[in-house]
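Right after this note come the structures.
You will see two complexes here that share chain A, one where it goes with chain B and one where it goes with chain C.
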Partner chain A sequence: MSFWQYLSNRHQQLLTDAFQHASAVFQCMVLATVIGVLIGVLTYRSDWAGNLAVTSTATILTIPSLALIGLLIPVLGLGVPPTVTALTLYGLLPIVRNAIVGLRGVDPALVDAAKGIGMSRAARLLRVELPLAWPPILTGIRVATQMLMGIAAVAAYASGPGLGNEIFRGIASLGSANALNEVLSGTLGIIVLALLFDAVYVGIGRLTIPRGIRA
Partner chain B sequence: MPEDQPAQQPVQQSAEHSSVAGATIELESLTKRYPGTPEPAVDSVSMEIKAGETVIFVGPSGCGKSTTLKMINRLIEPSSGRIRINDEDVTAIDPVKLRRKVGYAIQSSGLFPHMTVAENIALVPKMVGWSKSRVKDRVEEMLDLVGLDPREFHGRYPRQLSGGQQQRVGVARALAADPPVLLMDEPFGAVDPITRDHLQDELIRLQHELHKTIVFVTHDFDEAIKLGDRIAVLREHSHIAQFDTPEAILTNPADEFVSGFVGAGAALKRLNLTRVRDVGIAEFPAVGVDEPLQSIFDRLRTSQHNELLLLDRRQRPYKWLRRGDLMRAKGSLARAGTIVHDTVTRDATLRDALEAVLTDSGGRVAVTGRRGEFVGVVDMETLMNSVQEMLEADRLTAMEHQHELAEQQAGQDQEHTRAEQEGATRAEPRS
Partner chain C sequence: MSPDRPGRSTRPDGEHDVRGLAFRDDGDGERDEPAYEPVVSPARPKRKVTWQKLVFTPVVLAAVLLATYLWITNIHLDSIEHNSLDNGNVQLRLWQHVKLTAISTFWVLVIAIPVGIALTRRRLRKVAPVVTALANIGQATPAIGLLALLVIWLGIGARTAIIGIVAYAVLPVLSNTVAGLKAIDPTLVEAARGIGMSAPGVLAKIELPLAVPLILAGVRTALVLNVGTATLATFGGGGGLGDLITSGIVNQRMPVLILGSVLTVVLALLVDWLASIAEQLMRPRGLEVSA
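Up next is the complex of A and B:
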């Protein structure tokens, strides 16, 4: 069976997998963004807390994804829980780091001005610091998403959802007629999804970064 | 602060401009100590600033002038001492509330780059809860006030403005919620000299309309002279070396530190403080270009100055005409005499006038009215005499001031010692 034939025969299954893959990455990204920005906001003011946050998230990233998921299975069981946990943890690092760098990079004169005109601590954060730190944070989110696209494939090892199932099925049946087609379709699907997500981020950037600070 | 009406500016005035006039500011032994440093950054500053007054803190960098300013709106919390604004002790109130009543403008404007000009200006009025329509009107009004066309600048972002325009918007934002007090921390430090000059003129005009209490920090003594009703010359730890009118500081610096800071040419700087309208503008024989030659001849012969000023058809100074000029030009008015290079208005400073007199061969400069029409002349002698009179008068007032200060100081010292003695006898625990 040629690759194209394989695609048209199995497109139902492939689309479902692709949708589940995208949906898992998307939900984990939302979670990672909320947690990551929160960690950034809580730690950027203090030298040691900020560094601790960056170092610990970086440490998580050094654990091979297959190993982390393997370690999570005995704790969380199979399926969605270990997948979401692992993806969210991996997504944290770029977001936490860029949030801290972005928030620390806001011109101190502007923070001073915000204070000086009578903005409360919360108003300063929400109306001045976060909007100004938003472009680097968004970059962090973009990088994290690209990374999670690949890592999400490994989640199939824990019976997670997504295009990883295609790849694992192919690898398991190497030598059989459809093995290559399965691996190829899974991999290409992930690449296409990654490109689509990136295009969406460009749009989000256009919509959410104020014209005054757009590069 | 409704209970202290009398302390405020006359009500009529504030009604006329529909804006809040200045408030008094009192600093009482304000001190800032940073942990780990033996010497305080600001050591026990006490001063009273009157309502509607512009006071300039001037001093070398690192003298604590900026720190002192930032303690007034408690961007830097004082270690000890009190701050009173309009007799209300603000040392312990919520700093956020305090800052909404105190305008704050800083160097390089401090505008938020992600907000438009209008959004920047609207920030404080919105925070204090003005209605939407009132905020909108106010933004237009403020842009107008600082000389920017509301329609053009409303929706622009700060990076689309020049440095001077940004600074104007910064001042507009500081004044938007109509605070009685305006603090300015080297606001014109980062713009080019010509723009700075314009902005200073604008500030003088604004203050003329608004009568806010302005505290302004600068390291530029010339800026201080130009803008200040009173100048506080500060040395290390924000010790006040002299706190007086620009005139008094120029003519009678309290000590060597102040005279060093005033720099050379105090008498020349004094010229900047007086306007042409304040000195005698002398009359001078003038004739129109349309007068018959014969009568011009006659006027020249009878004139005690040997000289006539020829005016053009709109009464503007045109040419200086000396006796003999006409003969040499063979009776042609068009070729006779020397063109008037430079004129001054009645609002020009004496320095400008002197400059013009020095460059003109006749030793005098023509003074013009609002539409450029000739009103009289100022000559070298008038300038010299009035400068000398001014310096003499300044010296006298400065000496009086110093006497008063010395007496006050003596009185305070006595009270201090008395209080200390009482404290010692009662053995009061002190914080």
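Up next is the complex of A and C:
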């Protein structure tokens, strides 16, 4: 069976897998963004806490994905829970680091000016500091998403959802007629998804980065 | 994705808060950073190796290993677990993993650094954007998919696994090297040419020393990536610690799974720690505060 025949025969299954892959990555990214920005906001003022946050998220990223998933299985079982936990944890580092760098990079004079016109602490954070720190945070989100695409594929080994299942099905049936088609469709599908997400982020950047600070 | 570890601050917490404003530290080597910091960035300048940094990670890792060892020796193992863990299997897998990581890192450096240097020479400079674009697509490629394709193409075995690991890590290190060489102030290169240095002389005496921090960061990235990708070698019959993890999952034997995972984690953190120490020791003296 040629690759194109395979695609048209299995498009139902492939689309389901692709959708699940994208939705798992997307949901974990939303979670990671919320948690990551929160950690950034809470820690960027203190040198010590900021460094601790970056160091500990960097440590998580150093851990190979298969090993982290392996450690989560005894606690959370197989399937979706370890996948979501692992993906969210891996998504944190780029976001936390860029949030802290971005927030620390905001010109103190601007914050001072905002204070001077009577803005409260929360207003300064929401209307001055976070918008100015948004471009690097968005970059962090892009990097994290690319990474999660690949890690989600590995998570399929722990019965996680997504296109990784195609790849592992291919590995399990090495030598069979469809092994190559399965692996190829899974791999290419993930690349296509990653590029699509990236394009969406570029669009989000166009829409959400204030005109005045666009590079 | 070079996990970078800023040195532990020695000052107390509150000292960095000036009247509720974000404090800008000029004292110990930190400079104002541009708002856009690329994530693959040179490790920020930091203090030389302190004893806390030297001791903390190994002590924690040793404690984790000891706890795991005590736990594994004190629980009852059934025959499947004995099969997976006895007869030096654990040592064999660990050794395979170290070998996979070392060999693949060697090849990554042998390929990526010369190609990176070549790409920044004048004649090939036009090709560089193509490579960067390729590197971006490469980043989107899942390691497991790449490995599976190679296995179908080349057959199973450690050789295929190493090729896969190398292919996956070459592009990040390559783009790191190119970025490092490009970041060098062109006036320095011009000045060197101006005092009559030859092109190879400029490369060896000016450009490469200045790019050392970024190249070292690339080496560390490669090592950490490779330890991780090597866990996937088991799917291509390449052995390694991934073998313990997968057999733990497949046979539903948690002790095997946990032992494999813990050893992988400890190995990854140890390698990263060694690389970070090497990174700081090998950084040229004058470059502590540089781009």
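Criterion: the second predicted complex is superposed on the first by the 215 of 215 C-alpha atoms of A that agree within 3 Å, B and C clash if a C-alpha of one lies under 4 Å from a C-alpha of the other, contacts with A are read in each partner's own complex, and residues count from 1 in each chain.
Quick note on the criterion: a residue touches a chain if its C-beta (ideal position, glycine included) is under 8 Å from a C-beta of that chain, and two chains touch if they have at least 3 such contacts.
Keep in mind that this is a model prediction, so the values were computed, not measured.
On the shared subunit chain A, the superposed partners chain B and chain C are arranged side by side without overlap.
Of the two partner chains placed by superposition, only chain C is touched by A:Thr139; chain B is not. When both complexes are overlaid on chain A, the residue A:Pro108 reaches chain C alone and has no touch with chain B. In the superposition on chain A, A:Asn98 makes contact with chain C only, not with chain B. When both complexes are overlaid on chain A, the residue A:Ala158 reaches chain C alone and has no touch with chain B. When the shared chain is aligned, chain B comes close enough to touch A:Ile117, but chain C does not.
Which of chain B and chain C touches more residues of chain A: that partner is C. By the document's definition of touching, neither partner reaches A:Ser2: not chain B, not chain C. Touch criterion met: A:Pro210 reaches chain B, while chain C stays clear of it. Once the two complexes are overlaid on the shared chain, A:Gln12 sits clear of chain B and of chain C alike. Annotation: superposed on chain A, chain B and chain C show a minimal Cα-Cα gap of 7 Å. Residue overlap on chain A between its contacts with chain B in one complex and with chain C in the other: 112, 132, 213.
Residue ranges of chain A in contact with chain B, taken from their complex: 109-110, 112-120, 123, 127-128, 131-132, 210-213. Listed in rising order, the residues of chain B touching chain A in the complex are 73, 75, 96-100, 102-104, 106-108, 110-116, 123-124, 127, 157-159, 173-174, 183. For chain A in complex with chain C, the residues that touch the partner chain are 44-49, 51, 54-55, 58-59, 61-68, 70-71, 73-74, 78, 93-94, 97-98, 101-106, 108, 111-112, 121, 132-133, 135-136, 139-140, 143, 146-147, 149-150, 153-154, 157-158, 164, 167-168, 170-171, 174, 179-180, 183-184, 186-187, 190-191, 194-195, 198, 213, 215.
By the touch criterion given at the top, residues 1, 3-9, 11, 13, 16-17, 20-25, 32-39, 137, 139-146, 148-149, 151-152, 156, 224, 227-232, 235, 241-242, 245-246, 248-249, 254, 257-258, 260-262, 264-265, 268-269, 272 of chain C touch chain A in their complex.
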